[in-house]
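Note that the chains take the letters A, B, C and D in the order they are written out, and that residue 1 is the start of every chain.
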Amino acid sequence: MAQHATPDYTPQELMVVCAAREIHDGEVVFVGMRLPLLAFALAKRTHAPNAVGLFENGLVRDTPSSELLLTMGDAPNIAGAEWATRTGALMGLLAQGFANLGFVGGAEVDRFGNLNTSYIGDRAHPKVKLPGSGGGADIASLSGRLAIILAHEKKRFPEHVSYVTSPGYGDGGDWRARVGLPRGGPAAVIKTRAVLGFTADTHEMELRTWHPGSSAEDARANTGWDLRIAPDAHETPLPTADELRIIRECDPQGFWTR
Amino acid sequence: MAQHATPDYTPQELMVVCAAREIHDGEVVFVGMRLPLLAFALAKRTHAPNAVGLFENGLVRDTPSSELLLTMGDAPNIAGAEWATRTGALMGLLAQGFANLGFVGGAEVDRFGNLNTSYIGDRAHPKVKLPGSGGGADIASLSGRLAIILAHEKKRFPEHVSYVTSPGYGDGGDWRARVGLPRGGPAAVIKTRAVLGFTADTHEMELRTWHPGSSAEDARANTGWDLRIAPDAHETPLPTADELRIIRECDPQGFWTR
Amino acid sequence: MTMAEAVERFVPDGSSVAMGLALEPLIPFAAGHEIIRQRRRNLTLIGPISDILFDQLLGAGCVAKIAAAWVGNVSEGLGYNYRRATEQGLPHPITVEDHSNYSIALALLAGGLGVPYVPMRSLLGSDIARDHPAIRPHDSPLDGTPTLLVSALRPDVAIIHVQRADAAGRAHVWGGLGVCEEAALASHGVIYTAEEIVPAAVILSDPNRVLAPGKKTLAVVHAPGGAHPSPVQGYYNRDHAYFAEYHERSRTPDDFATWLREQVLDVPDRAAYLERLGAERWQALARRAPLLAAPVDYGV
Amino acid sequence: MTMAEAVERFVPDGSSVAMGLALEPLIPFAAGHEIIRQRRRNLTLIGPISDILFDQLLGAGCVAKIAAAWVGNVSEGLGYNYRRATEQGLPHPITVEDHSNYSIALALLAGGLGVPYVPMRSLLGSDIARDHPAIRPHDSPLDGTPTLLVSALRPDVAIIHVQRADAAGRAHVWGGLGVCEEAALASHGVIYTAEEIVPAAVILSDPNRVLAPGKKTLAVVHAPGGAHPSPVQGYYNRDHAYFAEYHERSRTPDDFATWLREQVLDVPDRAAYLERLGAERWQALARRAPLLAAPVDYGV
């Protein structure tokens, strides 16, 4: 390949690159907002030109928006969409199994990939009331695979979240099937310092790659339980110059990536 | 009134006039096809200028179509509609109770206003397979009031229909509430020779008016059970010249009315 | 893709096929005729008011089962082939699953929502719901309201005639929509037959007008006149006389066989069909004057 | 009708009000500010992602209950008034009914279909569904599929900002639609606030673009700029900076009180609001170039 690695990148840029790598060509991807928007644009322009993006306001795009978006409802995201429909119609497709991959962010995620975006502390008297699910819990319930994106701080990785907004693997194993979820579950957790996956059987989180400058020990130290390390864990491949160029074309002011 | 009665009319024209008289001003009317289409146009241009028409292909019109229609999906019925939506969205409004009045036709109707448009004879081995419900059973189930239009032949008025496509009052009384229908029931049966209503308590059909040239006895003789006569039964008022003029403007070739 | 290839690849014997979804307009007669020419068998037909297309497929022996609200000839009344199939088992017996327009809409809605059923308050007390394999009474567990549960329908394929589509499988459709959207979303795939194939930019200029995402599309077929004798808003009007002629010419099996040979089997494709119809008749049906939608600006 | 009259007549204390139904665009801020000025109390707010309008109504003390999927500031994060209300009961305690975007869409869909509920396969295993007053687990009686039943929502009124409407109460809306249609059909009545009031002929020229029938409409209010700082496709873009400013200026109750007086209470109407915003800022948000939908012909 003619691409050259470069060390000159921000943590957010590396997260975008890692997120883009979760998208396979031809897939239907529930994109959502912020970094995944850039990841979708990056994947489209590199290894996944035939990926299609979904947005919970009822949009389907087969091209990324021509301008940086602060919300999925910004006018440039509607212009050139291939379908602008009702949230309910789009989510119905999701319920059928239309989305191969979905992205969500959140405040805290636990050992089995359960995500809390609702209540820190007791639900009746919360310490912090977070904004809530939005479409996140639907994406987590219904997508073929889920990629979770959030900052790597120990407080964001408790062994058990205090409230499961978006279901991951519950308490592990076949929990999703037991509660009746039709498919899915987290495939990747993309953090500022590492990327984690889940074991095939118990569905417990495990370290897959640590970002340059971090380490397996650093990832373990910033996790609220005794984090497993995948047998083939290794350092995260660096972003290529091409990847960084595209991200910077998409976010020239660094609104999301600086 | 400056309108003058005239005896020069066809049975279908009188049926249109009788149907139009069932429409009150400001009402939402599930129109359907054939004679009720003309009745809606006539009512709009006479006593019910603020009535609104619904069609099961997803249309709402506050003006009648500018041309005679052979089907509700004809292009002139879409042009100038105020809403063209999904059948399901429109029927949902019907389920809420949006339609004050609905019109249906049919092959046979019985003593309690139950209508058959499906099977004459045994369902497994029918003597005649009729086309089926279309939207008729929905209109009969969900409208505030129902007006039934059909030819007056004795075979079309059995005491019990062999198959209830569109529910009337079942076996009478509070049957509709017992089976869970949210409202409604037949208010009028408009036939080639008479108009019938239903008693307030038992919901049995009763003769309300007989058309000029017919009589109470004639209506009874052409009914498959011992037909009740309403205490105030009388001859059907003649169409006015204005009513006939409007009908003929709407159906100049007499496609539906000759 | 040609019509022949689309039917060959995506409508195999035994398929469940949703058609006639906008009710009287936009009926995919060209596709239906190709299905007849390819002698498909054991199809399940799904639709609300099917008008004469289902009657033709029945008479041609393509059909094992029908799930519909109404089968006949909308402006003329009964459908003779439907009567023969149900009353006499000719050309062979069929299974009929009776619906109303609302119940078939909700069955497709449930399919599109990925749920086993949707509850309904229509048809309570109707014999349609009695002993129905796909409609079951069940009082609401929330408040005891009597309802009928309408089972989800997920057709193998929906065939939808539209005004215009692009090569990537996105379509604009307008006018009375019936259950087109529900069927497109519920089906495993969609075949569009289109009056015009247009550049993607035309479709993408109005994303609210697009029926369903391109990933649902199996094939796009250019089929001008493909809905005749049913109407296509903005293109041509309904050929009422054709429905009357069909009514007369399908009264007996022999009459129908003659009609079928002349109108379908001996006609290679839709271009030949329109040629047979004659330029004068076809032009008389053409949209007489434009009536343009007010401009809509998606500008940023 | 004026905004003041529409709110006075159709949004009494204690109403359930659906707003912000297209998610981030078309949020009826002008209507919301009038509700605040008229000091409405004990409202139930219904919406998917409400962005900062719900936060403002909460801070102003108008709200008793919220049924929503997300309450905050979409581009900035948390909503401080929402946090104060839920964490500290300021200015008074509120009831929160948590939803997801899909469950709120289905609740409104069920309302529009006139049924007590619609089943759903999302949120199984989520704490949102646990002990929820309006979502109940119930395996499908048809096939045993685990589902959650989402209770119908029927708001007293939906307030929807649209691009254009006519005096008879029919509206054209385009762009991301969110749950606008479901809410318009489920609600007992709709108030449209519109960028433009147009002749009926403009609306009737494109019946597929109409959101709901006129009989559902309570009032049409001419409110140019009525969605600012949220965007209106084809008219103006989102004022991102305004959301950031609100975030900073609502951190404390005192800050918010100052902001509220300046931006809402001391501003008599939307014209004054836009004047206060300043022509330069307002013009910088304006749609920069048209992007017209391809022509659509409804001709006969």
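As a convention for this text, contacts are C-beta pairs under 8 Å (C-beta built on N, C-alpha and C of every residue); 3 or more make two chains touch, one makes a residue touch a chain.
Since we're looking at a predicted model, the values are computed, not measured.
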Where chain B and chain C overlap in contact partners, by chain label: D
Identity of the chain that, by mean CA position, is farthest from chain C: A
Pair sharing more residue contacts (C-beta pairs) when B-D is set against A-D: A-D
Length of the line joining the C-alpha centres of chain B and chain D, rounded to whole Å: 40
Chain centre separation in whole Å, for chain D relative to chain C (CA means): 37
Whole-Å gap separating chain A and chain B, where each centre is the average of the chain's CA atoms: 58
Cα-centroid distance, chain A relative to chain D, in whole angstrom: 28
Contacts with 2+ other chains: residues of chain B: 59, 75, 78-79, 84-85, 88, 94-95, 142, 182
Sites on chain C at which at least two other chains make contact: 106, 113-115, 120-121, 145, 147, 174-175, 177, 181, 203, 208, 233-234, 237, 287, 291, 298-300
Chain contact topology (line, ring, star, complete or other): other
Interchain contacts (touch definition) - all pairs: A-C, A-D, B-C, B-D, C-D
For the chain D and chain A complex, residues of the former touching the latter: 22-25, 48-49, 68-72, 74-75, 77-79, 82-83, 86-87, 98-103, 105-106, 108-109, 120-128, 139, 145-147, 174-182, 230-231, 233-234, 237-238, 240, 287, 291
Interfacial residue positions of chain B with respect to chain D in the complex: 28, 52, 59-60, 62, 67, 75-76, 78-85, 88-89, 92-98, 142, 182
Chain D-facing residues of chain A, complex: 33, 55-59, 70-75, 77-79, 84-88, 91, 94-95, 118, 123, 125-138, 140-142, 163-167, 170, 175-176, 179-182
Residue numbers on chain D that touch chain B, as the complex places them: 112-115, 168, 170, 181, 185, 203-204, 207-208, 210, 212-215, 298-300
Residue ranges of chain D touching chain C (in the complex, touch as defined): 106, 113-121, 136, 138, 140-143, 145, 147, 149, 151, 163, 172, 174-175, 177, 198, 202-203, 205-206, 208-209, 233-235, 237, 287-300
